[in-house]
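After this come two complexes, each holding subunit A, first together with subunit B and then together with subunit C.
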Partner chain A sequence: MKKYWKIITNEFQRHLAYRANIVSYSFGHLFEIISQIVIWTVIFQGTSMIKGYTYPEMMTYVIIGWFILFATSNYGFEERIAKDIHQGTLSNMIVKPMSYVRYIIAVSMGRVVIALITVAVIETVLIFLLRNKIIINLDPATLLLMLFMLLVAFFIKLLFSILIGLIAFWIIEISGTYFSLNIFSKFMSGAYFPMNLLPAVFVNISLFFPFIYTFFIPLQLYLKKITLIEGLRGLGVELLWLFLLYLLIKLVWHFGLKKYEAAGV
Partner chain B sequence: MKKYLIIWKTLTGLATSSYLTNRVDSISYFMGKLIRLSFFLLMIIVIFNKTSDLVGYGKYEVIFFFSTFNLMDVLAQAFFRGIYFFGNDIKNGNFDFILTKPINALFYSLSRLTDILDFIFLAPIIGLLIYSISKINISFTFINYASYFTMIVFGLLIIMALHIITAAINIIAIESEAAIWLYRDSMTIGRFPPEIFPGLIQIIFTVAMPIIIIVSFPAKAFLGILSLRAALFAILYSVLFFALSLLIWKKSLKHYSSASS
Partner chain C sequence: MRKYLFLIKTAWQRQLVYRATVYGYRLGNIFDVLFQVTIWTAVYKSTSVVYGYNYNEMITYVMIGWLINFMTANYGIEDVVSRNIQNGELNVYLTRPLSYLRSIITMSIGRTSIALISGVALQLLFIFIFQNHMVAQTDLSIILVIFIIVILGYFVRLLLSILFGLIAFWATDVSGLNSFFATFIRLLSGGYAPLSLLPAMLYKLSLFFPFAYIVFFPTQLYLGKLDLMDGIKGVGVELLWLVLLYVIIKIVWNKGLKKYEGVGI
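Here is the complex of A and B:
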């Protein structure tokens, strides 16, 4: 465990060198949230409710959703894993007394710290500026459950990224695959707009994928549109997906290593 | 000029071979872009299920704005994709090799990768443009089309200038790949008609970060709601902005430290 902690702290320190870049990225994403705030504000000028959402609820969905999206992101580990496989640097890792997948998880945890701090600061400012337009839910049980859901969501997204990265054992380029899967998962999670604005069939389909539990369900809990019990059920499904993804990674890693040619070493 | 056309054709040929080699990945990319386009279209349709107009624009006019945004974004990606590799070239010192080539370093850096997929992606976007135009209840004349294309050309000039400035920032600051992504993120402001934004934001995104000139001006010119004064301002602005970007590029070259080489 000590060695993984060292990897986390090393990665954190390494990323301190790129802090300006990370802060710029986070600020860049603000444009998307500005667009969404403005668009929904304009739309709600002509109506008081859209598919069960009031204006404060929609603003909360956008503002808190922005935080959830970036707090659970892992910033492109698919490419890194693919690179390790294609350039043969994976060979250095598999001879070391540690699991490659756990190493990637540790690196990811070290990497997100600065981004998380930046996003948290921006989010606090946003909440303060828009405090009259959004719903502030300070119920401890809800917040605690949300925290667990987001923590699991982070690992679900990370394991999903690792799984896509491991496809590189079989194909040369994976960037197109992860680009399209990322867009698909972002939509299915409800990050573009609330899923229930669409016909019910979209929500029903999305319940078969893990993504909706990483964004939409925690937000519904925050907005009190689902009960704590339903939230707990959501957390249960998340944990089930986490376990399934972990098993899948183990399987893919097992067969992938047999295919690995250590090219480029 | 002929030399550069041959170089561009060669680079484009190489890019095509690369995309054809990784066919599965290329198809995935294309599908991803198509899915994203569809989702945003779906969002516009959802919005118009709840409202009959958005700041005075009808559904198909908003789709036209959205299609023009995609057109400009895709054209920029298709022609200037090379700039996304520039940060790495600076970090690794590979820019040295580009500087020693008997070719304009800026031209090479901008156009070293032609995004063929984006060229192909122009097809659904143009289809969407034609569809939205056919649904807008106005009879368009040659003037509408001519002013649309003129504004697109000057919009592309600004886009090129923005890419040059991000490259210059890369040279000066070395660790600043975020500059190009800041431009990409700010482009999202152009997805919808500019009137949805408050006056101050409109001014900022017209003058300081001219996304509105790039995306909204062509669409407005086509719809016949762009004043002559605004059009002339856009033309003058884009020429001056482009000249300024070249000046910044030349200045930045003096700061090139050949790091890591």
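Here is the complex of A and C:
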């Protein structure tokens, strides 16, 4: 356990060097949320309800959703894995007495700390500024369950990134594939817009994928559109997916390693 | 002239290597366009006019806006410029009897061509599919002005990217800053939603900046919300900005070169 802790703190310190960079990313994301706020505010001037969402609910969806999205983000770990595989850096890892997948998980945890703090600060300011326009839910049971769901969501998204990163064993040029897969998973999670805007069949399909539990379901819980029991069930599905993704990674890793060319050895 | 043609050809051939990646990105773009259509379709179910845009006009805005976006995109030339500076590849350019700025402008034309063709083809397909939900513009003089504005828009975006890229003379890690600028420009150019959604003062302000003329302005011309005279005025403002940006780039370039460390010599 101590070695993993060392990796986490190392990675945290490495990223302190890029703090200005990380902060400017967060501010870039801030513009996206501002544009969403403006768009929904304008739209709700002509109507009071869109597919069951009132104005405060939609604002909450956008504002709290922004935090959920970035609190569970690993900021492109698939690229990191692809680079390790293509440049042969992976060879260093394989000879270490530590599994590569576990190493990557530890690295990612150290890596996201600064971004997480930045996002949390911006989010606090946003909530304070817009406190009259959004719904504040302070029910401790709900918040606790949400916290658990987000924690699991971070690891689901991380494992998904690792899984698609491992495609690099077979394909050389992958940034386009990642771009599309990320848009797809972001869509399936409901981060672009509430899933209820789509026909019900889409929501039902997306319940079979892990993504919706990383964003939409915790938000529904916050908005009290689903009960605590349903939330707990969501957490259960999340844990199931976590386990499944881990098995998939093990399998893909096993086959990929046979294809691995160890460039640079 | 021949040397520039050669630069364009080389960049074009380099891009051919990455054609699979280009398709990967396009797939993501398909999702992007479909999401916007979905959102607006859901919104217009409960209201018929949003800030003077009816449903068909909004769909037209999305479709034509994306078409223009594809025609003016340079896919991160700022990253190329900042990499050239930081990896010291600039040294090679400095010793050539050819200005770096002109080489990078020429190179970008070859670099974007494949992405441009595939993007425009994809978008034309979308326009074909959604033609019944779109507004048609048949006035040839308006279309000519739009075309001129779009070509100038390409160069405005290119010069902006180069300018941002040159920041690398002073800052070491610029990827966060670049992502910030990309979102900022997309917002102010009307890439997320029509700028007329903004409060009147901000809207007027945005017309003084070059960004609005990239996507928003030509789309408004297409929709007939601006007339020919406005369009010609727009061309004038764009030309003015091109000159201004070029002068700023020259100044920054001269100052930056004094700071340049020539890594790798």
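We adopt the following convention: the second predicted complex is superposed on the first by the 265 of 265 C-alpha atoms of A that agree within 3 Å, B and C clash if a C-alpha of one lies under 4 Å from a C-alpha of the other, contacts with A are read in each partner's own complex, and residues count from 1 in each chain.
Just so we're on the same page, contacts are C-beta pairs under 8 Å (C-beta built on N, C-alpha and C of every residue); 3 or more make two chains touch, one makes a residue touch a chain.
Computed from a predicted model, the values in this text were never measured in an experiment.
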Between subunit B and subunit C, positioned on subunit A by superposition, is the outcome a clash or a fit? clash
Would you sort A:L198 into first (subunit B), second (subunit C), both or neither based on which partner it touches? both
Check whether A:F31 is in contact with subunit B, with subunit C, with both or with neither, and answer first, second, both or neither. both
Touching A:K258 in the superposition: subunit B (first), subunit C (second), both, neither? neither
Give one of first, second, both or neither to describe whether A:S175 is in contact with subunit B, with subunit C, with both, or with none. both
Partner chain in contact with A:R131 - subunit B first, subunit C second, else both or neither: neither
Dual-contact residues of subunit A, meaning touching subunit B and subunit C, are 18, 20-21, 24-25, 27-29, 31-32, 34-35, 38-39, 42-43, 46-47, 50, 173-177, 179-180, 182-184, 187, 192-193, 197-198
Could you list, by residue number, the parts of subunit B that touch subunit A in their complex? 21-22, 24-32, 35-36, 39-40, 42-43, 46-47, 50-51, 54-55, 173, 175-179, 181-182, 184-186, 188-189, 191-192, 196-198, 201
The subunit A residues in contact with subunit B across the complex are 17-18, 20-21, 24-25, 27-32, 34-35, 38-39, 42-43, 46-47, 50, 171-177, 179-184, 187, 192-193, 197-198
Subunit A touches which residues of subunit C in the complex? 17-18, 20-28, 31-32, 35, 38-39, 42-43, 45-47, 49-51, 171, 173-177, 179-184, 187, 192-193, 197-198
Complex contact set, residues of subunit A against subunit C: 18, 20-25, 27-29, 31-32, 34-36, 38-39, 42-43, 45-47, 49-51, 173-180, 182-184, 187, 192-193, 197-198
